[in-house]
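Quick one: the structure is below, questions incoming.
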Amino acid sequence: MTGYMTDTNLGNIEEVLIVANYQKPEAKPLSHSIQIFLEEKGVKSEVFGFSGKADLVCERNYDLAITLGGDGTVLFASRILAPLNIPILPINLGNFGFITEVSKDDWQNDLERVLKGEVNLGSRMMLSFNLKNDASKRGGEELCGRAMNDVVISGSGISKLVNLMVHLDESEHIEYKADGIIFSTSTGSTAYSAAAGGPILHPEMNAIILNPICPFTLSHRPLVLPSESELRVEIAEDQRTELTLTVDGQLSYPLKSGDELFIRKASSAARILYSGSRSFYEVLRAKLSWTGGPE
Amino acid sequence: MTGYMTDTNLGNIEEVLIVANYQKPEAKPLSHSIQIFLEEKGVKSEVFGFSGKADLVCERNYDLAITLGGDGTVLFASRILAPLNIPILPINLGNFGFITEVSKDDWQNDLERVLKGEVNLGSRMMLSFNLKNDASKRGGEELCGRAMNDVVISGSGISKLVNLMVHLDESEHIEYKADGIIFSTSTGSTAYSAAAGGPILHPEMNAIILNPICPFTLSHRPLVLPSESELRVEIAEDQRTELTLTVDGQLSYPLKSGDELFIRKASSAARILYSGSRSFYEVLRAKLSWTGGPE
Amino acid sequence: MTGYMTDTNLGNIEEVLIVANYQKPEAKPLSHSIQIFLEEKGVKSEVFGFSGKADLVCERNYDLAITLGGDGTVLFASRILAPLNIPILPINLGNFGFITEVSKDDWQNDLERVLKGEVNLGSRMMLSFNLKNDASKRGGEELCGRAMNDVVISGSGISKLVNLMVHLDESEHIEYKADGIIFSTSTGSTAYSAAAGGPILHPEMNAIILNPICPFTLSHRPLVLPSESELRVEIAEDQRTELTLTVDGQLSYPLKSGDELFIRKASSAARILYSGSRSFYEVLRAKLSWTGGPE
Amino acid sequence: MTGYMTDTNLGNIEEVLIVANYQKPEAKPLSHSIQIFLEEKGVKSEVFGFSGKADLVCERNYDLAITLGGDGTVLFASRILAPLNIPILPINLGNFGFITEVSKDDWQNDLERVLKGEVNLGSRMMLSFNLKNDASKRGGEELCGRAMNDVVISGSGISKLVNLMVHLDESEHIEYKADGIIFSTSTGSTAYSAAAGGPILHPEMNAIILNPICPFTLSHRPLVLPSESELRVEIAEDQRTELTLTVDGQLSYPLKSGDELFIRKASSAARILYSGSRSFYEVLRAKLSWTGGPE
């Protein structure tokens, strides 16, 4: 999208990874067409196709990844490829999404331009998290990971109400009684956080949204914190519910009373290619019905 | 509370049931004191004490029930006693609640007045629900029950998003993509529905609130429907999450794709005694911090 | 719309009033066509055409009124015709509205059915208000009127913050610091009150919504009160802003510190004819974009 | 407050300006006491006292300003002193505010520390605006100014609904139908923008909040934009209401159809001294009732 390019030095593209969501019927034939197209240009390519849950282990350092799917496929790919600094060209199979603007009908044009280094490259901040729990305190491995959209702590079962204490830079803290808390990036601000009443952040904003879900205290509002904030969440003892940690709505892990979750800006941002055909406001208008209104 | 008495013919009180939440330390000694007090007045009494989950089966037709606990104890007692038309005097152990206004220090005065038939008797609409599922369609027993505050359908697990279709009087329907839906009474409007952004309804209002939790469509708003509305919720097929039916935040049952939940006004209302010491607005001010604001 | 008919005894139609918003170009020719149509059926008719502000003084007791315009024309007509118990058939020139569902292309069919007494007749509660101010206290005439959608008190000028005390049934009161307060009917719940975060009420609901505009106290929520509530608003002394009373967004009157505004259910409801072609939920879906959402 | 100091080089303090809100009775005697205190330390001082509207023209380049009043006095002083880079020590007469944390009882300690250069100095982004209208286009002077909290465009009169088009960096635009729009800084996020449903931004955040007031389109949400954003608001032709531009809730100017308002980050930030006695979260808890909740 126009307005938030941050770097454009894409480098020479010699090897491409295609990440294809095989649950979409067009994904397989399209990945084949793209491979042929790339081969003709003398560019090597590999396809990673998946259905449902997938474990993409990226061994080679590709110069570019192309995702075939929706926003969810980009979320999945970004968590793995961003740390390797691999730029992503998202091609959308279906309606265009908040992130995926290149349509499956225009991909040739856009890919051609990418190979020439002409397309815009935006940088989207990601979150990193790590969990200190009983196991990790006894020397076990610490759970850690990245999120493109959001990291969510929520309760389930009969009482969903959870008690959480969020520490900010170890100098302040705030208590929440809520169904859960969403920690969201700007990219994630149009996803679950929006449904929970959160503000929309421009993709260029480097910030962390702290958005309680159905907070018990009616005066609570979503908080927007600097991207440098170091957050620590204490899962209070004696919860009457089971807690879950959810990443980008795609991965989930159980949490326990006494666990501590650390959340901060990830060291590397996702590098997303876009054609510039749709602006930020246009996406909001189209996806969130921001035109018109009752009349 | 003043303003919403609806009937005051309490009748002669000869037998009293005391429902005591034994998780509160004062509950046991207080129920003992009340029994002595009643005995002196020639009134018989029985105590039902419980800790955590409880199955109160009410065999005798008491003239009055006294609850010792918080709002939760009144919710529990109302679901069982309302169908038997037994009025409830809620005595609060702790801070006063939205429903429980009689304090544990004033109970003698208020109980004295109740025995003389002087205290106000308010009527609070309840919801009834019944579930048609595979088992009931094959001739099994149908799950059914009542709610004083709310009936909630919600998802859990990695994706909490549920797809529900709500039919209104079998002539209209509306689709929801959300974390869940709250069906709330006026009494429940200050509870979970408020946390989910719902309006506050005066306890006298006979109405059903239909409030989606974190709806995907940002233009959604809570709906307030006439109390006579007959609602049917279809749990859409192919949910990617487990669904739960929760009643008053106290009881829960699993739901499955294809289940149908029917919700309507319960045939009998809860009859709650109150001293009139606190008005509706005073409760809102005290419990929801409606005074002051930032200055 | 289906579901909320309340009476259908329309009586014999011998004389019709056509209320036409001449700002819409089709209004004049259409009112002419309707007159001819009615004449052929032996029904007398008169046209009241207006542009912008209008003073319709209704001297004859018509058996039916037909409005040509949008929802605004129905609001205008209802305030004058509801007290005379004259039913209204709203024909919509433009997109269909929340109230006006009969399209300008289908009017013949619908009018034919109305003359036969076949169309549904819904009843929509209205508000009445009267203002006690310096002038009225000194014996002057009291300002009073009716509203179909809403009665709004709001501040203007540099500081819009107003201090208001709302008394409920003279037994309770609540203070507001806000940009203003909306008192809305169920019909008005989809209008200004919705923009101010209010719930949507089914048109059949008899209720008064009390919805503060941008309240200073962040825990405030819209209140839904029984239709029998008698509300008195005290305009506090020493306001730092000018106050305005606005009725249905169409009429406005200045308010002063010390004024008292009384609001209650109007004695007569508006009687609106509808074809039943669109349900309540369908209107919400179409007008408020309640389908779809981001995907 | 801890956590958002940005510079601490206060320099030598030889001349102090005291800005005193004389509407607060303690302001006059306190400014006298401070002058004596400063004189004893060999520091020159001058008092600018005001009641209601004031025109502070700052001719000398003071090394420090002390405000005596509430948050409003700091807003007033910042607009004038920030461009001159004069740091402000806000002393609060009354309850502590969002910005003013130094109490009138502790001032000696804090001022002593300021003179020693020991107190923290926070930097708070401000907005600048300038208005292109008929007069300025014909060569007249352009209205321009700064805001510490917010710049608000709003309608008044019978219909408050305004039509505005906001351009972002001249490459995108979005249309609003609303009662108005708030452009707020992080500092202003706890003021009017919060009342209009906006998020709370950490004072360290450099960002511009674009928050529509009662937007007609129910899916609208507040937007948070990068501080570098260049915003241009077009006041659409044919408004049915009078429009007002309000700055920090303290200054107001009329707007007309066809006017263009430019809003961007001000070149100089306000430099606010604080003792560090209260953290950001503590202020939210205390001022917005973020503890407790209903129970």
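Each chain carries a letter (A, B, C and D) given by its place in the written order, and its residues are counted from 1.
As a working rule, a contact is a pair of C-beta atoms (placed from the backbone, for glycine too) under 8 Å apart; a residue touches a chain by one contact, two chains touch by 3 or more.
Everything numeric here is computed off the predicted structure, so don't read it as measured data.
The chain with its Cα centre farthest from the Cα centre of chain A is C. Remark: chain A and chain B have CA centroids separated by 40 Å (rounded to whole angstrom). Centre-to-centre separation of chain B and chain D, using mean CA positions: 46 Å. Measuring from the averaged C-alpha position of chain A to that of chain D gives a distance of 35 Å.
Within chain C, the positions touching two or more other chains are listed as 194, 215-221, 288-289, 292, 294-295. In terms of which chains touch, the assembly is arranged so that all chains touch all other chains. Touching chain C in their complex are the following residues of chain D: 154, 156-160, 178-179, 192, 194-197, 213-216, 218-219, 244, 246, 249-252, 288-289.
Touching chain A in their complex are the following residues of chain C: 95, 98, 190-191, 194, 217-221, 287-289, 292, 294-295.
Of all residues in chain A, only 2-3, 168-169, 171-175, 177, 189, 194, 198-202, 204-205, 207, 209, 215-226, 229, 279-282, 284-285, 288-295 touch chain D in the complex they form.
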